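Here is the structure we will look at, set down as structure tokens.
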Amino acid sequence: MQHSKNTNEVDRTRPIALARKAITALVVMALTGILGWTVWTLPPYSDRMQNLVATHLPISGVENPVTAVLLNFRGYDTLLEIGVLLLAAVGVLSLAPTQVVPAETAPQRIQMLLLRLLPFIVIVAAYLLWVGKYAPGGAFQAGAVLAAGGVLLVTSAVRFNQLTIQSIPISLSIGLLTFLAVALATMIGGGNFLQYPLPWASMLILIIEAAATISIAVILTILFLGRKPDGEYPPKTNGG
Amino acid sequence: MTISLLYALVGVVLLGMGLYRLVIDPHLVKKILALNISGAGVFLFLVAVADRTPGFEPDPVPHAMVLTGIVVAVSATAVALGLVGRIREIKGTAEFSENEPE
Amino acid sequence: MESLLNFSAIFFDGLLVLGLLVLAWTLLRSPDLFKAVVLFISFGLIMSLAWVRLKAVDIALAEAAIGAGLTGALFLSTLSRMQRGSRKNDSKKDRRPSSEEKSASDRISDSGTDAG
Amino acid sequence: MNLNDFLGPLTLPAWIVSLPLVAAGLGVALPKIGRPAAVFTAFATSLLVVRLAGEVLRHGTIQLQVGGWPATLGIALQADGLSVVMLSMTCLIGGAVTLYAAGYFGADSAAISFWPLWLFLWAALNALFLSGDIFNLYVTLELLGLSAVSLVALSRSAEAPPAAMRYLLVSLIGSLSYLMGVALLYAAGGTLDLNALAAAGPHRPSISAAFALMAAGLVMKSALFPMHFWLPPAHANAPAPVSAALSALVVKGSFYILMRLWLTIFEPFINPATADLIGVMAAFAIVWGSIQALLAQRLKMLVAYSTVAQIGYIFLIFPLSSMPAATQTAWQGGLYFVFSHACAKAAVFLAAGNIVYSVGHDRISELNGIAQRLPVSMFAFALAGVSLIGLPPSGGFVAKWLYLNAALTTGQWWWTVLILGGGLLSTAYVFRFFSRAFSYTTETVGGRPVPWIMEWTAFVLAMCAVILGLTAPAVIKLFTAGQPF
């Protein structure tokens, strides 16, 4: 556990470092080789799972098989995954630097440009969210695009008004809470956990995805920033 | 050999590269980059190996698994980088000295 | 004609795969953190091409947006914070950096000038 | 509305996973309610687990298809005796840790992050013990690992962030290795369902590779020697309630997955050599961990190294159960070890936390007469020590007794030497601290007062570790419900 290091020690550790490199290289090469060989020994692939997904797709509420797996067949994984994201946001906030020098606010012109750009970002995100039902897209892609907007905002040091700042905790967790509420409601309604009644499946999935998109966007922005965004200082009335 | 198998093998090689640099490189940011490369390798393997027989439509289940994996990876990366910041605040460096156990 | 198409497809896949491996190895070996992160972002973009080739368009979108875009942005913001931090540390004359540490912070500030 | 409509047997696993998740989400949205939400979760989850245990005892394994899809398409949650025992353990320790943390963090600013993180950790454990799907297990592993790492980093100590970083890196390599195994199993078997994979018995080379990858990853996460190096700094530098949860519960999460896989998918593929390899690693863990505990300068380091040694004991389950004549006895012994170690180790970490809370450090050489200052905590330490050493009538004693039985009926006498020798070593490191703590000093030992709840939660857990020795038949009946092994 010695953390101290003087020059002698550095010299002494050189051969050890070399040996370490060699051993690691050998182990990794053996692993790669064995895994590569294993690939050749795999039995011919069966399309059992594709068939299962295909036969159940009409009763999943969506038409894109990947969305069906993510939000319905294996929706429970996605529920926990949104938990992982939220957890990471809490973890990152708890590790936020103790003293922060607030960045300088970007010039007014750039901020105006950004504000003009934002509606387009929101439209793209909304499109991705909606199209996920039929084609590649969905909450994660939409949330990521929205987060790109958030990242632009925080890097140009736009000050958010107090209402926005205060709504952060709720927007962080609304995705997880909505998902859980739907899952538990379906169960209390007499079905299994997360068993959407067929006529509602499509709508429930859209609600979950919409809420998840908001949370994913806010969480990813916070992961990028590494702390809570700056509030208005001094308070303004027309804040973004 | 199909194209998918090529990608599967590349996935394995990426995993190996990442693991090697992860152990060797003392700089924490590089370690985290290496982990991300390894993760990408595993994801590539996961999808490619399920798609190894030509003529079938791609299987959506590994696709969903990898989407989950990508989100988990970015979460882990964010926490790791947060820790790097904290370690730099305390120790003034973002490297692990090599003579610590393992 | 079909064999020609097939050939060009294989050629494309080969190039893609080679690009992935070379990028990964270069970025992992690079002592310059900033360069490594930029290469990592390119790696992510090429990765999303690979996903398209594997008919996984959903993943391609997520990889481009989250894997390359956001993860890359995360690394960049950490580097810029580290750079700011090391400038602050350098002003403290009482601190005696070890050789490695010094080289690490030098690397970062070098790369910072590259960034412009 | 009848309670049965609302909380029917098939809804119980879902509630047990959802409650802590809901509480965590609410704790983020409204930071003020983090603590009451956690306390409520502790009580409500305990009631649910008791009810689930009753159902499992009566009807055997309970299986819930999430979303109502068939298991090969969707995800199955399943509860048998094994899961229920792990869940009960989580409830007991989790409840105690929650109450302890309410005193420990008080109005500290770290509390805002602590409660959601802790609830996520709890949800991850519950989800892990109930999951019947290998990819879902991967997600729970990541949820568990990330929450544990973030909790370690909450500590103000300067050693905590590097320790957390090391823990995170090991944890991520472990999960990556596990995920690679999942990829191979899926490629060969075409399903992610644990039972379906076990029934299909996929094809050999790929399953061996998958086993090697998954076992390696899980062994890393469970800190079995020589992969233990990350554990002592992480467990010793975390805030006290987190140390207790990590040592008592988190390392058992990955161990549980290994055990599950061992008992289902990999059972036909395991040869005695594999089991013996794990046995050798376990032996080294017992000896090395105990020696390091003997040499430790800090009390929490001593306790953390004791965990390294006790993990060795727990992994002895694999070599001991590999002979058909003793399989049952060995599994029961191992599970008894898991449970009683959880109680004893959590009690010890909480008691050690009380010392740090009171006198501000845990340097063993400066703790003379600490028992005069913190009599309840030190009594708890002593009771838990009885179980760690394995003296009657504690749970640790029953566990070692079952192990010795298994070793002797199969003629593997060398394991008996190890088990008894390890007991002597643990006596040595426990008494090394006791000789100081219970020494009589005339100087008054200073320090700030410790809230009563923090002393008594440690005491209750220590009592549980001892009482476990007296309730063996009932607990063993619960283990074997639904025939997990």
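Each chain gets a letter, A, B, C and D, in the order it is written, and its residues are counted from 1.
Following the convention adopted for this analysis, contacts are C-beta pairs under 8 Å (C-beta built on N, C-alpha and C of every residue); 3 or more make two chains touch, one makes a residue touch a chain.
On a predicted model such as this, the values are computed, not experimentally measured, just so you know.
*Asks:* More C-beta pairs touching across which pair, A-B or B-D?
*Replies:* A-B
*Asks:* Which whole number of Å gives the spacing of the CA centres of subunit A and subunit B?
*Replies:* Chain centroid spacing, subunit A to subunit B, equals 16 Å.
*Asks:* What's the distance between the Cα centroids of subunit C and subunit D, rounded to whole Å?
*Replies:* Distance between chain centres: 38 Å.
*Asks:* Once you find the CA centre of subunit B and the CA centre of subunit D, what distance in Å lies between them?
*Replies:* The mean C-alpha positions of subunit B and subunit D differ by 27 Å.
*Asks:* Counting in whole Å, what is the centre-to-centre distance of subunit B and subunit C, each centre being its mean C-alpha position?
*Replies:* So the centre of subunit B lies 13 Å away from the centre of subunit C.
*Asks:* At which residue positions does subunit A touch at least two other chains?
*Replies:* Answer for subunit A, listing residues that touch two or more other chains: 1, 5, 35, 42, 45, 49, 53, 66, 74, 77, 81, 84, 87-89, 91, 95, 97, 140, 220, 223-224, 226.
*Asks:* Where in subunit D do residues touch at least two different other chains?
*Replies:* Where subunit D meets two or more other chains at a single residue, that happens at 135, 139, 142, 146, 149-150, 153, 180, 184, 187.
*Asks:* Could you list which residues of subunit C touch at least two other chains?
*Replies:* Within subunit C, the residues that touch at least two other chains are 58, 62, 66, 70, 74, 78, 81, 98.
*Asks:* Check the chains against each other and report every pair that touches.
*Replies:* A-B, A-C, A-D, B-C, B-D
*Asks:* For the complex, which residues does subunit B have touching subunit A?
*Replies:* Residues in contact with subunit A: 5, 8-9, 12-13, 15-17, 19-20, 23-24, 45, 49-53, 56-57, 59-61, 63-65, 67-68, 70-72, 74-76, 78-79, 81-83, 85-86, 89, 97-101.
*Asks:* Could you pull out which subunit B residues touch subunit D in their complex?
*Replies:* On the subunit B side, the touching residues are 15, 19, 22, 28, 31, 35, 38-39, 42, 45-46, 49-50, 52, 61-62, 65, 68-69, 72, 75-76, 79-80, 82-84, 86-87, 90-91, 96, 101-102.
*Asks:* Taking the complex as given, what residues does subunit A use to touch subunit C?
*Replies:* 5, 64, 66-67, 97, 101, 128, 136-138, 140-141, 144-145, 147-148, 151, 155, 220, 223-226
*Asks:* Which residues of subunit B touch subunit C in their complex?
*Replies:* 3-4, 6-7, 10, 13-14, 17-18, 21, 25-27, 29-30, 32-34, 36-37, 40, 43-44, 47-48, 51, 58, 63, 66-67, 70-71, 73-74, 77-78, 81, 84-85, 88-89, 92-95
*Asks:* Spell out the part of subunit C that touches subunit A in their complex, as residue ranges.
*Replies:* Result: residues 57-58, 60-62, 65-66, 69-70, 73-74, 77-78, 81, 84, 98 of subunit C touch subunit A.
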